[in-house]
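Letters A, B, C and D name the chains as they come in the text, with residue numbers starting at 1 for each one.
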Amino acid sequence: MNAQSLDLTAKDTFRYWTDDLVRFADLDRVGHVNNVAFAVYLETGRVDFFEHAWPGSTEGKSTGWVIVRMELDFRAQGHFPNKVRIGTRITRIGRSSCTLGQGIFLGDTCIATSNSVTVWANTDDGVAVPIPDDMRAALLALSGDGPRGNG
Amino acid sequence: MNAQSLDLTAKDTFRYWTDDLVRFADLDRVGHVNNVAFAVYLETGRVDFFEHAWPGSTEGKSTGWVIVRMELDFRAQGHFPNKVRIGTRITRIGRSSCTLGQGIFLGDTCIATSNSVTVWANTDDGVAVPIPDDMRAALLALSGDGPRGNG
Amino acid sequence: MNAQSLDLTAKDTFRYWTDDLVRFADLDRVGHVNNVAFAVYLETGRVDFFEHAWPGSTEGKSTGWVIVRMELDFRAQGHFPNKVRIGTRITRIGRSSCTLGQGIFLGDTCIATSNSVTVWANTDDGVAVPIPDDMRAALLALSGDGPRGNG
Amino acid sequence: MNAQSLDLTAKDTFRYWTDDLVRFADLDRVGHVNNVAFAVYLETGRVDFFEHAWPGSTEGKSTGWVIVRMELDFRAQGHFPNKVRIGTRITRIGRSSCTLGQGIFLGDTCIATSNSVTVWANTDDGVAVPIPDDMRAALLALSGDGPRGNG
């Protein structure tokens, strides 16, 4: 698994998909899907991915995922009305942190890509804690990578 | 002006400031200011900065600013209720593109920093057009850099 | 058509349906779907209904629908993740105004109902203008009422 | 205290005021402040009012305020950028329920009014519980009514 070589604009990079619907409320005064809505779509995919891999992990009980960095490349305008599909996968997983690669698609068109770094942490004080082995395996399985050590 | 050397977590990096208020609606189910709200605060600062430098430039008439990349580093939790202050400055300005450095502060605490790349473009087809000289000067003046060529 | 006698909590009151997806971003710090999100779901249904009846009518070109009153009864908690279905129908249509009855459903459970009054108006000055006959017929047909005079 | 006779469009009806800032993100594609943003401003005022009267009462711990009905009259367009001021007062308080009257103002112009019914309830099952006497007194004092029986 080599994050650098992943093409997040290609649909076959992703095995896990989440749907969202473009809302009228997502439009700005220029009539485009606002940049903030893209961050919402990423969140939709991210929460769905984490929750699907490990039910309850996004409920903020004692430990949870804290996002520490988000990179978002806007590649095309979004349109309303429409359905967006968000592909989510792991590009790197460490002791406490998990980097997600995501692509937002309108049909076959990639309208945005993102890398975001999240940390498994105590929800009260934000201190990072090790990702449990079971959850790590579930995350990798869902991402489609399987357990690997061969980069 | 050297973008690499700018410390976006320091208040004195910024001369232009915009206020926003943390809303109850900005909280997520963990009780924290949601990551998406940080993107909203950045937008609040960005639009205010562009509009203040050049009134009308964010109204989407024939030409406008299109955001093409956003990097956002989350540094501390946001709290409600609260006032946030967003510092915005130019870190690089090219023929058609303008890179903004921003810091979000709660009091003296920097809770997030961001670099975002925006392009001055035709609002219909998204094709980049040169930043007019007058607007460029106004942007640099507002940023606090003044016209410069000494990096 | 007697608005008073309509049961907006009953699914068979509606023939026109719009889907929306509950987003993580719709939750508040209590973990419930925030009341504001209900207003968003109503908008999703309302814009879809108007736009489906008369394409372009919600784009704000010279004339458009202006909402002047919204009544919203919250009947049950919303949950995440989930799909909501919004039923929309006309309960009264006058010379320039159109009253919509709406129900928001999670599966078979009605979680909210609403009556809202909208006016067909000049988008610049907000002055009401008569609803064109063709659009009126299309609205009534979509609502499932058909043209009627027996109110 | 007679709810019917209160003029919610008059600034002197209110003694408790909350500020909010119109955000670029509050605009819709027509360039107006979206109707949903009005519901957000009401929430801003409502949460601030409840929290100010009784700190912690909106945190959703065992008991909290549940909104059961919202009526919202849109009276004028909102503009960006701008500060809105939200006046909030009690128009009726019962054993478990509290009806709020609110006005949203841009300068001296009332752009919306609202009546909303909230219930003090168990946050788990939504069952209404009596408003504690101390909190009731604090709410009335903040509203500017003081304890009264003289209608």
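Some observations on this one:
One rule holds in what follows: a contact is a pair of C-beta atoms (placed from the backbone, for glycine too) under 8 Å apart; a residue touches a chain by one contact, two chains touch by 3 or more.
Computed from a prediction, not measured in an experiment: that's the story for all the values here.
Two chain pairs are in question, C-D and B-C; the one with more C-beta pairs in contact is C-D. Across the assembly, the mean Cα position most removed from that of subunit C is the one of B.
Averaged C-alpha coordinates put the centre of subunit A at 32 Å from the centre of subunit C.
Centroids of subunit B and subunit C (each the mean of its C-alpha atoms) stand 36 Å apart. If you average the CA atoms of subunit C and of subunit D, the two centres end up 24 Å from each other. With touch defined as above, residues shared between interfaces to two or more other chains in subunit C number as follows: 24-25, 29-31, 34, 36, 40, 43, 59.
Considering their complex, residues 29-31, 34-36, 39-40, 43, 59-60, 64, 66-74, 77, 123, 126 of subunit D touch subunit C. Across the interface of their complex, subunit C is touched by residues 19-21, 23-25, 31, 40, 43-44, 47-48, 51, 58-59, 81 of subunit A.
In the complex of the two chains, the subunit D residues touching subunit A come out as 24-25, 27-31, 34, 36.
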